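Note that the chains take the letters A, B, C and D in the order they are written out, and that residue 1 is the start of every chain.
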Amino acid sequence: MRSFESKNRTSTEDIKSLRLITAIKTPYLPDGRFDLEAYDDLVNMQLEDGAEGLIVGGTTGEGQLMSWDEHIMLIGHTVNCFGGSIRVIGNTGSNSTREAIHATEQGFAVGMHAALHINPYYGKTSIEGMISHFDSVLSMGPSIIYNVPSRTGQDIPPRVIHTLTQSPNLAGIKECVGNDRVKQYTDNGIVVWTGNDDQLHDARWDYGATGVISVTSNLIPGLIRQLLFEGKNPSLNSKLMPLIEWLFQEPNPIPLNTALAQLGVIRPVFRLPYVPLPLAKRVEFVKLVKSIGRENFVGDKDVQVLDDDDFILVGRY
Amino acid sequence: MRSFESKNRTSTEDIKSLRLITAIKTPYLPDGRFDLEAYDDLVNMQLEDGAEGLIVGGTTGEGQLMSWDEHIMLIGHTVNCFGGSIRVIGNTGSNSTREAIHATEQGFAVGMHAALHINPYYGKTSIEGMISHFDSVLSMGPSIIYNVPSRTGQDIPPRVIHTLTQSPNLAGIKECVGNDRVKQYTDNGIVVWTGNDDQLHDARWDYGATGVISVTSNLIPGLIRQLLFEGKNPSLNSKLMPLIEWLFQEPNPIPLNTALAQLGVIRPVFRLPYVPLPLAKRVEFVKLVKSIGRENFVGDKDVQVLDDDDFILVGRY
Amino acid sequence: MRSFESKNRTSTEDIKSLRLITAIKTPYLPDGRFDLEAYDDLVNMQLEDGAEGLIVGGTTGEGQLMSWDEHIMLIGHTVNCFGGSIRVIGNTGSNSTREAIHATEQGFAVGMHAALHINPYYGKTSIEGMISHFDSVLSMGPSIIYNVPSRTGQDIPPRVIHTLTQSPNLAGIKECVGNDRVKQYTDNGIVVWTGNDDQLHDARWDYGATGVISVTSNLIPGLIRQLLFEGKNPSLNSKLMPLIEWLFQEPNPIPLNTALAQLGVIRPVFRLPYVPLPLAKRVEFVKLVKSIGRENFVGDKDVQVLDDDDFILVGRY
Amino acid sequence: MRSFESKNRTSTEDIKSLRLITAIKTPYLPDGRFDLEAYDDLVNMQLEDGAEGLIVGGTTGEGQLMSWDEHIMLIGHTVNCFGGSIRVIGNTGSNSTREAIHATEQGFAVGMHAALHINPYYGKTSIEGMISHFDSVLSMGPSIIYNVPSRTGQDIPPRVIHTLTQSPNLAGIKECVGNDRVKQYTDNGIVVWTGNDDQLHDARWDYGATGVISVTSNLIPGLIRQLLFEGKNPSLNSKLMPLIEWLFQEPNPIPLNTALAQLGVIRPVFRLPYVPLPLAKRVEFVKLVKSIGRENFVGDKDVQVLDDDDFILVGRY
């Protein structure tokens, strides 16, 4: 189903050079549909503060709560409105090879620059099955492989990655296992983005990582960029650590969603099974913002503590 | 779900000014999936020969045989690759209001410039129901209303159209009832594209139509453009009439599909319930091409008579 | 994907013997989902008053406004709850051959006794295409072909039907063209159900029709049964004619939906593009009920005139 | 969307009493569609050998590789053909609350007796989110909660289960954490089925488990029944252990699929990302069958070692 129209083609090399990729949040209207106005604002803030790539519909963007038509539409929308300014990486992976094939084919057709691919979570498979799974989609275009055993229940071992490096489309790895694993790859010339914000500074400066696929950059894109581009900065890194810890106290994107709502840049709407952090944690976030400086966060409204009643939780949408 | 990013926004006025809009064919791979390479070639030929707009997934493009995710993907793809050069009008109408709402919302989100809307065919409805149906989607962006009672089983009467003119998004009408109906609208300042290629010359020059949404322009875009832009030309019009009659001897797009396959610009793959014209008709087409001149048709291969065995018919895809 | 489990297998001969088949209404909850409690009540009333078969998701049941998963679920539900007492005929036809194949396969898998198949409406096709379309699905199980050119824009000519009679699965024709066409088939031993309630008495007694696939029997199943089973009864037929005319003054199921809501057997919820009849017509219905006798209608609440505000119209659901 | 038709209603108490529930395999045709004939045969073998319940579309049945319409169809099919003889438990859980709601509603509508619900795998959520997720579906009918942290990446802690016991619809827990956890629940009167075949004997006789939701019973239903119903039998249990270990050497259902194909009861078709075990392991299986006795396994063909070429792997289906 390949198109050879060249307008949006991006080389795998281009993807390899990206340092700051934000796993962008998907905001919702009160009925649970996408809030594209808010989304566009979020993306514009990323552009202004220096993000170079976006993961659309990642776990942060709650791709797991989207129907595929919503998901591909959001990729197409992002390409159409922002594809000239930022690299759009669609999370078209799936634990079903069929779905990964279909979504990836569609994602490239609507112009995404690269695909993010996960190993088959939950269903899991053998090593041979994992390789067959990735082989089914790697030929379609530039691809990043995503390893996050704490979610998938199954590590992608280095030998799988080394097999996949035979494909010219493999741009690199989003690795969440830790910096030793990062180094194992970067020592062998494989591009890595850490998926752990708390390790990004060291991953970048000490372990050879190209950059980060970040959750935290949804909130403070400029500071994350500073950590990646302006040399070692352990003091800034330390200063951000309490915020990063706050963001991962519960499964992401629960804290992120809560934070963005309190910053006034998204409506306080959650698609279940996500629910907001409790009040005490919401109060903490306001303190963290004040400590780091409101001006470093996205948006320009006062940060506020939302009440329980302010949040809308939707199950049917 | 509206986005206000302005990149691809097109005013209703822009849509009103388009003269040559091609209801573009959707070509297929042997397994029934879209053949995007061939599609891109078809679109490029339209661009070169002066088409100003495309209907994506119209009845000619076999939107009725697409799943919605395919359909929206094709709109997104077209916008992404060609949206800067040609106006992309998605056929996001449906006989189900729910589907029309969902598809139109998604189509505008991926950047289509306008929507084509049909009245509820097959299921049909009352006049009040028809108006409610169109009201549900007109607010989303520039829209063309499509009237083709020979397909829908129900005429959209002028009083419905007059009600809809209250919406600033109504760009105009694709009208297939005939030139008297065309004139009834154009006399009242309503923009009309005829949907009947055999009437397009007169519609344009004698009945006030702005132009045509054409099937025939899939084959001879340059000549159709000439009919629309270079003044009255009854002799050219007469010369094309046998081709146009050939194209509508069976329900469109059966002859068109057969013709494009014989011109070598698409694979000879039909999604059922469409099947190729019989051999005798296929022979006729080759003669028509020679009579009008191969150089006036899209593609540059020799036109050929295909055998029955050359065609692939797919039911599951 | 065939199953040979015999539990619900029905022979084509069994289907041929059904006289009273009701094209059952699908009732909705205020959010537009199916109201299965009300549906089950409607079906039970049909059982009590002698209907022998149901069309599930026909045009009356608004199959055109269902997603396929809803549609197959409703067929499965009906089979599960009532399949031992009444024949369940799923309207798994489509103008897309792919969709007809997929839905028919699924419908038989969940136990439907027969399929109703329409020719490709709106998109239309050639005679050869029509035959290929039906051939793609006829092998799956007992089938009724549905001809209604006023909806489809294209008559199924007798020569197509005669070709299809080669399949042992062809149970018969639902024919809406009129009683001369009915006779043309019945003279040749082809089973016919008229799709026109105003002609059912004569079709049955003078033109050889086996019975009717009825809309009116949603309201007065017992009286329709009487017309079919108890000998010629022109006086009863005449008495019912005003009701039948009222029911078809606007595209079905608009009046039926309005009537059932006023009888208190369904919630007054319409999926767009259907909207209720205006007040004056609603008043008329109450008079018709009184004239024919409330006891002959389904339900046991007083018939009432609903206000405009009582109705809920849903576009997104 | 609830139906109150009572035909297939099953009380939660009935579900609680089931000892042997098989997580039934879904077999495929060479094009990847369901092979319902083979499926029906598999179910009949379960019936004959004493299984009392089936999980339809579990991880063993590869629900994660089904579209929802396939999945609900398979539930409806199973209910329709076998619902009078065996309890049908649909795996209508999902990591998306929306999908779990929709599928569970549809599953009960087509007559399933109970639902199996998983916590949100991969996406994960907070404790509060987990409870909200289960609360969204528990009201619909008898439900089993499934805890398998090795797949989901997140344990369902006992305090969540204790909260859910407030619902009269909670039938019990499918627990894979181990027998200490099993005992923790059974000591408190909560029904448990172990999800670990290697622990089922002890779970049943020493830890209070009601029974098992078994993978191995796809192969040897009679022997698994014996382990559950005929008193402690450590010798039989030991005898089966090598088979059970063989079955879980790679992520289930890879070995099971390989085994069933070699027993000749399913076609050797795998949906990716599953691929067959390598030859050496396939040879081992034949030895295991001979050691336990072919007559104890489903089917009556000779067990054979399949060649690599015998297997069909499908990615698009």
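To be clear about the criterion, contacts are C-beta pairs under 8 Å (C-beta built on N, C-alpha and C of every residue); 3 or more make two chains touch, one makes a residue touch a chain.
Predicted model, so just to flag it, every value in this text is computed and none were measured.
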Magnitude of the superposing rotation for subunit A and subunit C (Cα, nearest 5°): 180
Interface sides of subunit B and subunit C: same vs different residues, half threshold: same
Most widely separated chain from subunit D, with each centre as the mean of CA atoms: B
Length of the line joining the C-alpha centres of subunit B and subunit D, rounded to whole Å: 50
Where subunit A and subunit D are represented by their mean Cα positions, the distance between them in whole Å: 34
Junction residues of subunit A, two or more chains touched: 316
Chain contact topology (line, ring, star, complete or other): ring
Full enumeration of touching chain pairs: A-B, A-D, B-C, C-D
Touch list for subunit D against partner subunit C, complex: 1-5, 7-8, 29, 33-37, 39-40, 68-69, 72-74, 76-77, 79-83, 106, 109-111
For the subunit D and subunit A complex, residues of the former touching the latter: 32, 59, 62, 64-65, 95-98, 101-102, 120-126, 128-130, 132-133, 136, 149-154, 250-251, 254, 271-275, 277-278, 313, 315-317
